[in-house]
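Next come two complexes, and both contain subunit A; in the first it sits with subunit B, in the second with subunit C.
For the complex of A and B:
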């Protein structure tokens, strides 16, 4: 039996102009909770879209393989795609208005594909919405998505994904529209499902405190590549990549000083093409040196901790 | 006279279900002065976005009025309405919904300049667009892409650039950075602060991130169930009286 429910190896994707993902490898253990973090546009969502067969029309997977529950996920087609992939993955997409049908009531979107009878499905949907801190599930169920607030739509989206009881839940920025209080509820719900029902989780989030409380394994992506990976403690406790360090120090900011600008990671991702084997972060990196312009290798630091950086920072 | 003011605004939506109607806003009065940045806090579904849409003239109240420099915006016509629409700009929660999917990002940014800044030459517009693209932290090469070819965070920065290009008097920002990672959040907020000190623009700043509201705003309103339940000074927590507000602020 496979100990990994999802295993992505050497995934590359490109559109007509440039490479978008370069040699992305990552996995989710059965019952595990993996998180991907990294700057907007670094390829987190693109990686998921490759798995879910929802890449934009001009983007193609040019190398690599994806195994999901023992199947070659990239090769699935037609009925097998539905049965072996879509029915087994709950997906909370980043853009709630894209993922909910605008002309169908929430109740139908939650119950239509459920194997349960209509009445039980509605009861389950109601309970899920309540566990997500929705106070008037009755009204929400009889609404159209456009009649709900941003935070309510985000939670309906989460409930749709959880209705299937799928073994893997993929959540792309599931809490970005929610306040701290509701985010706590979501954390508890996810933790409970992972612990009690053995759910496996692949989480994308820019909220590092959320990631810290939920994930057990973390991948840091930058400009289309994985630049660091390891257990939660390895990556956040002993961050080895300057980019990971910068991310972690930003999320430590909580008392914001009005007399100063907010801290940012200066500069932006260079335009040199993601296939370039040198370090894409070097133009923004406080440790940058000549070696950074050579081809980099992925270094093993011990345990399950790897980094794509030539400096010994520890 | 305030720059922009909502006077006893109500918004009732007709809905399916036994109630038939849903009161999303009840008797809401708020005001925004020139050069002021005002926050709106409140739990999800409390009516923040509904209020923002009415305040910015994108939706009409079912009762009450919105006054722009003392005039009811429902009565503005022709040039006056155009002037209001240009002066009051909106940064949405969902950036892609605000862009034409068939446009390149360059067109997304050029379009409002062509309509509102007719005095500029094509070359000047291109220069402004490219300069603003860099200021929101994006490479100009991204401008040849379409909205569905960029990430959510990149789309949000394009929308921010589009709004800033119009040099509005009032910017209504509805969760404008909540979908972005902290570094890009900081980039955008720093940019908004620079624009604010350079142009004196006023902000209605909606966010569930109380720390950010405290950082960005001069004072704030707190909403619950479609009403304003409290007004807070700049330091938020020190002036918060109700249990509900303390929960909103202390959730972190």
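For the complex of A and C:
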């Protein structure tokens, strides 16, 4: 049981109008590197937000459970939430430029939550920034976030996440919104991090080439559901879901977004009807047939490879 | 920081110069002058000419303007025709009554507004939010003279806890001083808390919606510190600015409360000056209050910059 540091089972979330997440199950092995991929609007970030208790006020978890390090993460409250969840998860959020308070110096934001004394915390922050290839940590520490470049701020966010020596690091789109050069550097930083002993990683990314280099287990999400899961080789080597195939064919391209159609499959991720039993992808699927409309069985393909599609694709 | 401060101070001086010039010009344009006012309807032309000569009103404009400014700088703001005392003496006496009252009411209102506004925003829709919003509605619906009378009836007539009115200087008897100002202070606080509370609540709600608010919690900072050192830091700009302006306004604007409670303050002095057409005194009070507004803006600005050194040179809604 405790070989899994994070274990999400049957998670459902909905707002007042519709289902946003339907029966999402995924896990991160202790020391493992799990990635969630899919277009924008597939529910990747929503899943994370359920874990971190940061869902929008009108969204609620309606079913399922989340276990983190053996504890029921959904039931945590107040000081226990802070100690048992937030202090044990390093989270690098999606919107890097707005995760830092604009009126507080970086040094303060890097140290104020640390249980270490101020001086020790500052030494640790300096060392961390150095390890993230920042040449002049002193200058960065005494700056306000607005005085730093996007790449610098991303590193500061990583340093915030790493300050706690948390066993699980969560990175939500760590390389989006960065230019090619900086993205390359940040990717290398993550690759370096993954070689550290005992650190588990949950990565959310559009960027499949990055996922291929870093993850060992992959979940593909579509319209609020997991549609395929397995080891990196299983999912990308023997993709079984038409959606995964479409994504994989795009891996040369850097990013996927909702407004741009996938190459061979038109349309976009549907917002409505996620709770319906029919396959949400069928309207865009080149293999769609009549029986897709009641085909939601999750099929085991061998190993740890599962797919939510009724077709036997070669 | 230092250069910005110098620029601010310079700008403040320019505003003060323009205000005093405008005051001078206004009194110059108004028909009648101090001599006509003090003679009333009984005087004749010879008496008027004599008095004008005595007051220096017959001299050329440029000369009088020069005198006006050199007087301003030396706090020689002329003599009140009604009271027969120097204007500056009158103002400083009345200020001793009004300023502590105004300052205390703004500080108390700010304290209440920050506390309740923060709780109301953090627990939006909760008990504190609902009750404080209803109270704000109630307070803004009550005219201050009516509330004053209500308090007087309750605490003076019925409960006999405080005197009916009048003022005791704190140097004379501090306990009696507190008794004489507790009701007017309450009325002022009730009036000022509402708008400040609304400001605190709305800017706190804005801060809570920011990404860094959630990020600070997720990184493991205690909730109390996220609220105080992160959210309040951003949310206080507007309420502090408003409190500074409020304080300056109160110096000239507590006339109603002062009248009901028979306090010898600035507001009543101003009323008397206008009623008695005491032009010198009106001029003095207008200049004083506007100088004070400029000064308060400067002070608020400096305080905000001390709290938030990273504010943009001309940002912060000032």
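A few notes on this one:
As a working rule, the second predicted complex is superposed on the first by the 274 of 314 C-alpha atoms of A that agree within 3 Å, B and C clash if a C-alpha of one lies under 4 Å from a C-alpha of the other, contacts with A are read in each partner's own complex, and residues count from 1 in each chain.
By definition in this document, contacts are C-beta pairs under 8 Å (C-beta built on N, C-alpha and C of every residue); 3 or more make two chains touch, one makes a residue touch a chain.
Not measured: the values here are computed from a predicted model.
Of the two partner chains, neither subunit B nor subunit C is touched by A:199.
Within the superposed three-chain model, A:250 lies in touch with subunit B and out of touch with subunit C [touch as defined at top].
By the touch criterion stated above, A:56 is placed in contact with subunit B alone, subunit C being left untouched. When both complexes are overlaid on chain A, the residue A:180 reaches subunit B alone and has no touch with subunit C.
By the document's definition of touching, of the two partners only subunit C reaches A:93; subunit B does not.
In the superposed model, A:101 makes contact with subunit C only, not with subunit B.
Of the two partner chains, subunit C is the only one touched by A:164; subunit B is not. In the superposition on chain A, A:146 makes contact with subunit C only, while subunit B stays out of contact range.
Touched residues of subunit A were counted for both subunit B and subunit C, and B has more of them. Taken together, the two structures place residues 95, 98, 105 of subunit A in contact with subunit B in one case and with subunit C in the other.
Taken in their complex, subunit B has these residues touching subunit A: 13, 15-17, 19, 22, 43-45, 48-50, 93-94, 96-97, 137-139, 141, 148-154, 175, 178-187, 189-190, 193, 208, 210-212, 214-215, 247-248, 251-252.
Residues 210-212, 214-223, 225, 229-230, 233-234, 308, 310-311 of subunit C are the ones touching subunit A in the complex. Subunit A contributes residues 52, 54, 78, 82, 86-87, 89, 91, 93, 95, 98-105, 109, 112-113, 144, 146, 160-161, 163-164 to its touches with subunit C in the complex. Interface residues of subunit A facing subunit B in the complex, by the touch rule stated above, are 15, 38-41, 45, 56, 94-98, 105, 138-139, 142-143, 147-152, 155, 173, 176-184, 206, 208, 246-247, 250-251, 253-256, 258, 261-265, 268-269, 271.
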